[in-house]
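Structures for review follow.
Okay, so chain A shows up in both of these, paired with chain B first and chain C after.
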Partner chain A sequence: MTLKMETRVVDGVTVVSCQGRIVFGEEGTELRETLKRLLASTRQIVLNLSGVAYIDSGGLGTLVGVYSSARAAGADIKLTGLGQRIRDVLQITKLVTVFEVYDSEAEAIAAFRRGAA
Partner chain B sequence: MAFQHTTGSQSSPGSGIFPVLVYVQGNEQRNIPLDHSPFAVGRKVDKDLVIADPRVSRDHALIVSENGKFSVVDQGSKHGTFVNGERVERRTLERNDRLEFGVRDVAYVIFNPQHATSNTAREFLSQISGMHISTETTDLEKLTLFLEAARKLNTIGVLDEILVTLLDATLKLTRAERGYVFMKTDEGALRLAAGRNSKGEPLLDDTTISHSILDEALKSNSEFVLTDTSQSLDLAGRQSIVAYDLRTVICIPLRKPQVQATRDAQAPPSDPSAEVMGALYVDSRFASRDISSVSNDILRAIATEAASLIENARLVQAEEAGRRYQQELSIAASIQQKLMAVTIPEVPFARLSGKNLSCKEIGGDFYDAVNTEDGLTVVLADVSGKGVSAALLASTLQGMIYSQIIARMPLVEIVAAVNRFFTHKHLGEKYATVIIARVSRDGELEYVNCGHIPPLLVCNNEVIRPTHGNLPVGLLRDATYESDRCSLHPGDRVVMVTDGVTEAENARGDFFENERLEAVAAKNGNLDDIFAAVADFCSGTPLSDDCTVVELVYTGQP
Partner chain C sequence: MTPEPHASRPDKQLSELLNLGFPADTEAIAAVTDAISATLVQLLVPDEKRLEIELAVQEALVNAVVHGCQSDRSKEVRCRLQSDPQGRIVVIITDPGPGFNPDVVADPKRPENVFADHGRGVYLIRQLMDEVHFEKGGNEIRMWKY
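And now, the complex of A and B:
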């Protein structure tokens, strides 16, 4: 298991900071289960991936999967802290057009606040 | 020369309880059951097989049973003992072996010919548990025989046969009239697994047994419950006991043998009923014999051994199931490899080559090539994940795309249809990156890239990476797709790779990356140069993902 997750609440927005690799298998499952659990009680999640150096195709699938089910449930997941590698992957797969990506965690949280206001 | 054998009645081949010696002398042939050990052969009249011929020594040879195998041992005979024509001092016997004692060819013995007995576990067991036992043998000695059978059985995975044999042995030991084995189903209910009476007939109906005693025994903590209805007035009123005139009932819960104390001291003490695998039930009626005097030692021993026997049988079954599953899997793998085998079409205007390195037996990468009137179409796909699930998806994807290319569907419609199909099927997070490229006779290239690494267009040793791209297929239901076009000149090349190539890692954890790929692709080499560059870069670090490279060279109109 090479993925650690930390959850805290900032201004009513749930921030999940990931550390490690998001890959097919245990890590992907853990990410999915964690976000699923959180989505039961919150509709606003910021996923901070600044500690994630690598995401494989399976991990990407998981990310899109939880994003889609969050949207379907009326919730939203915004991304921040993307390293060059994840940026590249999202660019190649054009998923950059699907996710809302912010340069900083504060901006992502602020975007939720604006939406709520 | 006279022949006689002194061991009881003859049995014909196929009656099957003991190994059989077929004694052949001239036109005469007799079967002798090899029902004890040592079995003596010689000229003396007290031998088990007497061959009255001067060339046969008085004490010629013995046939002995050791660890379930039979051997012939020469007793220093003058004219020797022969197995299949070879003189032996001692030899383990195999089926159909030909034994000769002093006299050659005139008289001989065939050891346990193939047709004599079938070799099923059941036969084998009855050979042991049914072995003739003299009246002096104590019950515990009989049980030892049974346990011997049980140990040998651990190598045989036929649970039903084990249950029947277990019943036969138990009926023999307890002298009960009927016996049943119940096994617990996954839902926790008891299911009749086998039933036998003391005549060895199968019993398929368990309605005439005392289910209340069965239930009681399962709930109790004891190793066995022996109920003598004549001694216990409150039992006498129970329905089945009255209706079927039951006298004695013995019920032995079969509990999973304790392997080892768990290391986890926090684990709650286990509930005894939770480990019950089933029950062994025997009974007798008033009209028949009384089994209430069966010794507790025997019942306790049966309880322990029967449970471990069944557990072992189950483990063997699970192992067999695992083996079968492995076989199925390798069949699936070979089918997939055949499905994925590519026949590259020969066309006058282009040259195509492709190579795939799978890091697992079955992978998620594939490429395909189809020639139609529209041109030569190349498909390269990478299904997310690995192993069987990825391979299944890859096969489906390949089939869908192939048939649509044949039907000359526009490329964007092909990928849109595939995306609709996969998202409609709710395959979880499974998706694929796909690139389909079609080059026409006049060099027009149309391609649609769905989440794949951009292809490399190599024109005059210069590499162009187009930015065109779409979402992968199978991820998002409402994804839309567009294609890109460009004109190729003779000598221009299109190189397509899966991300296993660019993400090939070396020992330091660096990736091969686009730059290295572009550098090697720019040289006018071939596919092997790219794989060589990757191998050189990794320098021994094994690939973690499939690598596929496809190169399309436009050669121009002839």
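And now, the complex of A and C:
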């Protein structure tokens, strides 16, 4: 498998840092299962994609599916660390209008804090 | 000047750079895209163009494995990388499946499809490559990058 994930909690927000490829198959499945498991115990997730060089339409589908489930359950997932390649793919597919994207992890966490205030 | 379409260009004008067959298993795809990438690096293809070709190849290979072969490892997907005398790149991916009609693929940008968890592959390929042809009833895709 070419995707590694590391989870930590910062100011009450769960941050998932991904490294590798998010593609159709084992990688997408593992990301989906990890996020679903976390959403059972937290409503605030920041997905840091700064280590992701590559995302395909299967990976995008995974992100959209988990995001939709999270929102329906009253939770939220914010994105940060997007390289130009992933930004381009989100733009081409119009998914840039779906996700909240932040330039830095600190900004994404702060956005959750502002929402909670 | 708009380049001429290549659909009818004789294959004898093309140089074959790679010709890989692999079992229809999504776990086998990364090795193929890595081989394509390494060859494009050797050809000094600019990074931006190389990354667009790689993603288009990834999408087409997943479609061939999952939709063309139902991930049946006993079936073979073939991926060929060629270039023409002008250095333009063509990738040809073939599967033995039932084929499909590329004209009826839904537009993933439509509001009712934006939240779908699938259905973006063919659209992405068309956006990333300069020319895309589906042949043999959808069993073969030829993708050009100028």
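Some observations on this one:
One rule holds for everything that comes next: the second predicted complex is superposed on the first by the 117 of 117 C-alpha atoms of A that agree within 3 Å, B and C clash if a C-alpha of one lies under 4 Å from a C-alpha of the other, contacts with A are read in each partner's own complex, and residues count from 1 in each chain.
The rule is short, and it goes like this: a contact is a pair of C-beta atoms (placed from the backbone, for glycine too) under 8 Å apart; a residue touches a chain by one contact, two chains touch by 3 or more.
None of the values given here were measured: they were computed from a predicted structure.
Steric overlap between chain B and chain C is present once the structures are superposed on chain A. In the superposition on chain A, no contact is made by A:R114 with either chain B or chain C.
In the superposition on chain A, A:T2 contacts chain C only, with no contact to chain B.
Look at A:V64: by the touch rule set out above, it reaches both chain B and chain C.
Of the two partners chain B and chain C, more chain A residues are in touch with C. In the superposed pair of complexes, A:R21 makes contact with chain C only, with no contact to chain B. Stretch 366-374 of chain B is the one among 132-140, 150-158, 204-212 or 366-374 that clashes with chain C after the shared chain A is superposed.
Overlap of the chain B and chain C interfaces on chain A: residues 24, 56-58, 60-62, 64-65, 68, 92-95, 97-98. Of all residues in chain B, only 382, 384-386, 428-431, 433, 451-454, 469-472, 475-476, 499, 545 touch chain A in the complex they form. Residues 2, 21, 23-26, 54, 56-58, 60-62, 64-65, 68, 85, 89, 92-95, 97-98 of chain A are the ones that touch chain C when the two sit in their complex. Partner chain B is touched in their complex by these residues of chain A: 24, 28, 32, 56-58, 60-62, 64-65, 68, 92-95, 97-98.
Of all the residues in chain C, the ones that touch chain A in their complex are 26-27, 29-30, 51, 54-55, 58-59, 62, 66, 108-109, 114-121, 123-124, 127-128.
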